[in-house]
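Next come the structures, one after another.
First chain A sits with chain B, and in the next complex the same chain sits with chain C.
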Partner chain A sequence: MRAPFRIIFEQRSDTPKYLTALVPLVSVFAALAAGAIFLMSTGYSVSETYSNMLQDGFLSSRGITDTLGLSTVLICMGVSAAFAFQMNLYNIGGEGQGYLGMIGGAWAGLALGPHLPSAIMIPALLVIGAAFGAAWIFIPAFVRARLGTSETVTTLLLTYVAASLVNHFIYTPNSYFRAPDVTFPMGRTVPDSAKLTAIGDTRMYPTFFIVVALAIFLYWLVKRTEFGYRIQVISDSPKAAHYAGINSRRTTMQVMLISGALAGLGGATLIVGEFGKLDPGITMLGYGYAGIVIAALARNNFAAIIVSGILFSGLRVGGDKLQITTSTPIHIGVMLQGAILLFALGGEAFRRYKIRAVRMQAVAQ
Partner chain B sequence: MNSNIWVLTSANAVTIATTLILAALGALFTERAGVLNLGVEGILLTSAISSFLAADSSGSIWVGLAVGAAVGALLAGVHATLTVVLRANQIVSGLALVIFGTGLANFLGKPAEGKTVATIIKPMTFGPLTRIPVLGPIVFEHDIITYGTIALAIGSAWYLFRTRPGLELRAVGDDPATVDAQGLSVARIRIRYTLLGGALIGLGGSWLMLAQSAAWHQAATTNGIGWIALALVVFAGWHPVRLIFGAVLFGFCLRLPFTLQAEQITFIPSAFMQMLPYVATLIALIALSRPGSKNLRGAPKSLGNPFVRDER
Partner chain C sequence: MTNTSHEVVKGPHHSGDAAPIALSAHSITKRFPGVLANDSVDFDVRTGEVHTLLGENGAGKSTLAAMLCGLYQPDSGYLLRNGQQISLSSPRAGLQHGIAMVHQHFRLVERFSVAENVVLGSRNLSFTLNRKSIDEKVAAVAESYGLPIDPSAIVGDLSVGQRQRVEIVKALYQGAEILLLDEPTAVLVPAEVEKLFENVHAMTAAGKSIVFISHKLGEVVEISDRVTVLRGGRVTGHVSGRGSTDTKELARLMVGRDINLSTQRASHATGHEVLQIREVSLKSEGVDILSHITFNVHEGEMVGIAGVAGNGQRELADTIAGLISPTTGTISIGGNMTTDRGPIAAREHGLAYVPEDRLGMGLVPSMSILDNLLLTRDRHIVVDRASVRPEANRLIEQFEIKANDADHVARKLSGGNAQKVLLARELSGGRAATKLLVVCSPTRGLDVGAIETVRRLLDDARSAGQAILLISEDLDEIMSLADRILVLYRGAIVHETKGEAAQLATVGAAMAGLNTEGAA
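This part shows the complex of A and B:
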């Protein structure tokens, strides 16, 4: 028996503006609704869970400043992912490149010593962290540009290697990064000159504004410069790019290295900010993976990433506090992230196509 | 250094290879149909915890395995809906599945933390065969799922290359337009094998839980095995039988750090030993993508591309 209806996909010639904004918005609400059904069926309170997440993530003054504080690293990871994704290069190892940024930042802080002024130390930590992140993506970038090796699996595999590296630096006795005179293995704190002070009574650091400015700069870079144009042409049509004399190999290298550097910068902001030292706890936090979701939800638009980054940060902050305020497992936060992305992907179809159900007879005619 | 540790590592390699083969076989069927499912790690985790909970509450391992496989198919169904029906980007959808699956598994696993399954799948006994030195523990000390998995991989090669549906499957991955012109539904075939692939991955995750670890350690339960399985498909040139050898090889790399640690061989820092499977996989992937590599010939030609027929 055949279905009486057929689903027809009609490619839209031009997408209405309102759909571009509506689809991500509806995805978020659809994911929250699906999450509510899931919470109910597993016996947790929906209203308690969501009202606590909303209160602790966005509405209380502690909540919103914590959210903006955490969004610093998340926006960084988001722009890192988007920078590669926009050229159909799927760097999904931002997580590992972020660890390397932390290692680089911590190393710079400890090595440059306590005598240099903050005006030199802070930029140095951020730049060296970014360089470490770029170095960590070098091999996947090189083999992708030269041999065409799929960057998805290679970048991801290196994340596991990076996690082992972080653990090695902290758990090995007498390690350079390990705090001496403490039996419990933990990182050695960088000198005060390498740390920023939090804004007022919050857990927000000035790096937030640097990262927001960076996202806006990247938006400009991609939309308004020749480099951005080259990326656009390669992603739209590699063949056209080839005939136009664009060196795709070089652009692939550049784009992937910048993506790695941005993730490394994200790791380094944690050193000058709330962590102040290399901390193996980072390997549990999954900021790099969140960056992928943030980028995809913003459809790789760097300005939109600021918004989706703050939104996700709020979900995390609110979700993490659930452990204290309710009995709901904190993992609902990560689950919702995944669900939002799944709904956003499904919603894409409605943005790109007019979808209609047609009676079978009508099709046959 | 005694030879025992190598025998032990090899025996353990065959054990862990079971999950690798099942997960990679699932990915292979999916990819042969032209669908790339990067969500393997998320499916493994979710099916592992589901099988744990099902086995724990029903008291039966077999119920656990069945539930794990069903959950795997269900998650793959989400991927199929998004990528085949709604034509979403396969890479991003797979990643979403990893993130969603990890969150879901940790959420469901909260009550299971610190608990173990009462009964686990036991190795089969072959009497005196097990006592053969070296060969005994490596070949004759596994459970029925391990032997079944190896048989399944061999059977899959026959199915893929010697049967009519196998031909159709390969054709859908290589040249969907021709299959469509033959009057077969590309979407239906792709959905079917994505679901089958998900069930196989789910079975792998369940077995990992019920036969091997028997305790829930959150994301550390799988610890990247899903990604290694994806690389393994490339390593095997999309051929099911070659998966078996690759899986044992990677399984060896995965088990070696534990064996060396148990034998207190510490001249290599343990962190570097833990990197070994990932570094080995990375090197294998790079080596196989050099120009003129025979391996890539098995790659489905339209892998990752949604099939869009011109609608009237």
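This part shows the complex of A and C:
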């Protein structure tokens, strides 16, 4: 009797380095393949759709600059999520902290813009936006550090409160943030001193370089400093942290506040950049949620987030343009993002397990 | 039986004409990630005998036992029960063939009575429990093997030895013919061990087969009819005949070379008091964890704290290390008050602490040896790893740590090497030169070779004038190393004796809470 095969998952004692890079790459292609099946079954041309997306997202000069422009806020949201994730803190409210960054940035621009020169106004606006983001996560951070309350729930719920706050500031008549002489409810644009000019003919702002530099700085912070060391000890072994006299509560507070500040900064880049005002449209864009996916795809590696942030940005830009140039539904871009996340998470199994087919144990005699 | 292994047959009877073989395993191989846990192992147990599986930690004893009872399935090889091939997909399948394991860590519901625990998991219970009939049935089973036990007692109120008896009665009640006892003596005090052995004899007399799993040579020689020695997943020898076995020979089969574990208690003068503990008490949720602990440890002295696990040892160590604040009382290290000052202050006054939980508390599993060295040291704002690397390399060499380099991740070290890394860091000082070393169960789970090294390191530290507090459940270890022995029972010191004058029976009785005055 021939014994049947069975599939066994064998835990790896060690993950080969190449798999860490390969799994995200393969998951992107697997997602594209899944998207292709969807496109074919709904009667669209796969090659046309993908070549359009590639052209409009990455290869045309307009496409790549739009992609880098949008990636600014996405990278910011990605590092915000990753900063908390690496200490096993699940701040999934980057979205809401980003709204607060916009509110704070818009307030700073409107209130201080008329009085300050650009060279002071722009940094001040970004810092105030970051401070508003940090303030928004203060309560979740405090109850997490003191009482162990799940930050996943509190940060998520506060996002809905933040969205209501944005709408309140725009839809309330005579609101400070609302454009006064327009009947249609929209935000008041900040003065020119609080706005950066786009680079050349593009829709890309110098904030892109600030954010990239920030991601590299964070990479260094975590790998090389005592603060990063502490984070690593706490995330791997809270008991060892206690043993070594590391104050876990304080570090938890610090990490969450920084995560909130980074998301707030992401919101503020939109004020000095393409938005220039508080705009309720932000609540439809989901940049903060996209940051979670970007961080996951990059496995919380800050340098890799720059790459995954640009990739996601390109998918969005390319996907958005499809709607205009062809009749392909806009949601193919969003769908691909979701598929990439699913495949990336599924790919974790390959990093942790070896998969082998073995013959069932031979029967003796 | 096998021609690959080294066979030593001693004793009066040759195993060929003895009782029939109840259970046998043939060419069993089991692989775990990175480890070949069992490499074509052959094993059998006869009706009415005690067959011991002897080996160091990691030799593959527990893995083999787990496959004998259905907890694991072998990758290859097969089992025969009374000559018939069986395949065990689960422990329940094992039970159907009359095979049961008594685990080292008991699986009992503390709030249930003895009888309720025994019948737990039986499939033929009626919807409503008739306590009286259950009690009677359980008592009948227990009595037939001479295992005295009160079926209506609540398990939470029982001693460790009694709980073990409940586990054994449970296995017998479920119809076990073959009992696998996994390190049954590890949790027992000497008097309880004696009781256990009586019970084992009663069971074999009644025709049960016992597979006894242990790494303690003395007791193995005392209890076993036959011994199979495992090393590195392979059978390295068989020995038969009770009492006639040479422990030296067994040790050699187990380790693969001659070993010497006896350390010389150096005759050396002890100096100043390094650790002073005065009236330290600790209460947690209204329960006394430690009560009125007072003692000193001097320069060049090793004080051993003996006791059964869970009598306050871990809390005492954590309190000295500044991880827990005592409710009342004071602690000073090198003449400096460290009570309530936290772990860093204690270290700044010369404390070093090797906790019982090595990987997870003493070491950060995902970090390299180098980063783990930094754990208890002063780290600058930007961690300067380059300047620590030479010291890390030196310590790896000096402590004979088997690692590729200082970037070797702690998780991938063997138990013995992880312990050496921990000792290397703690003995080499960090925030201050080490004056006081608190070590908890320093050799638990280590193989004999590593035990030898660790004991030598402790000995050297004592000779170098460090004060050492050795907290261990291994009474033999304390008896052979410590200059002074204190027995901790229910959070209080109940007995004190000089190391060389200590008597196993007296210390053992104190550990069990029997009233003895601090003699000697």
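Here is the rule we use: the second predicted complex is superposed on the first by the 353 of 365 C-alpha atoms of A that agree within 3 Å, B and C clash if a C-alpha of one lies under 4 Å from a C-alpha of the other, contacts with A are read in each partner's own complex, and residues count from 1 in each chain.
The rule we apply is simple: a residue touches a chain if its C-beta (ideal position, glycine included) is under 8 Å from a C-beta of that chain, and two chains touch if they have at least 3 such contacts.
Fair warning: this is a prediction, and the values are worked out from it, not measured in the lab.
Visitor: Per the contact definition in the header, classify A:Leu311: touching chain B only (first), chain C only (second), both, or neither.
Guide: Touch status of A:Leu311: no partner.
Visitor: Should A:Leu341 be classified as contacting the first partner (chain B), the second (chain C), both, or neither?
Guide: first
Visitor: Which partner chains sit in contact with A:Tyr171 here, chain B, chain C, both or neither? Use first/second/both/neither.
Guide: first
Visitor: Once chain A of both complexes is superposed, is A:Val153 in touch with chain B (first), chain C (second), both, or neither?
Guide: A:Val153 contacts chain B only, not chain C.
Visitor: Quick check on the superposed pair: does A:Val143 touch chain B, chain C, both, or neither? Answer first, second, both or neither.
Guide: A:Val143 sits against chain B, while chain C stays out of touch.
Visitor: Looking at the overlay, what does A:Tyr229 touch: chain B (first), chain C (second), both, or neither?
Guide: second
Visitor: Counting residues of chain A touched by each partner, does chain B or chain C come out ahead?
Guide: Ranking chain B and chain C by residues of chain A touched puts B first.
Visitor: Please indicate which partner A:Met53 is in contact with in the superposed arrangement: first for chain B, second for chain C, both, or neither.
Guide: The answer is neither, since A:Met53 touches no partner chain.
Visitor: Considering each complex separately, which residues of chain A are in contact with chain B in the first and with chain C in the second?
Guide: Of chain A, residues 10, 363 contact chain B in one complex and chain C in the other.
Visitor: Which residues of chain A touch chain C in the complex?
Guide: 10-14, 224-229, 232-233, 236-237, 239-240, 242-245, 361-365
Visitor: Once bound in the complex, which stretches of chain B touch chain A?
Guide: 38, 42, 78, 81-82, 86-89, 91-93, 95-104, 106-108, 110, 223-224, 227-228, 230-231, 234, 269, 271-272, 274-275, 278-279, 281-282, 285-286, 289-291, 308, 311-312
Visitor: Using the touch rule from the top, collect the residues of chain A that touch chain B in their complex.
Guide: Listed in rising order, the residues of chain A that touch chain B are 8-10, 42, 90, 92, 139, 143, 147-150, 152-154, 156-158, 160-161, 164-165, 167-168, 171-172, 289, 292-293, 296, 329, 331-339, 341-342, 345-346, 348-349, 352-353, 363.
Visitor: Hey, which residues of chain C end up touching chain A in the complex?
Guide: 26, 33-34, 73-78, 85, 321-323, 342-344, 347, 353, 355, 357, 360-367, 371, 374-376, 379-383, 412
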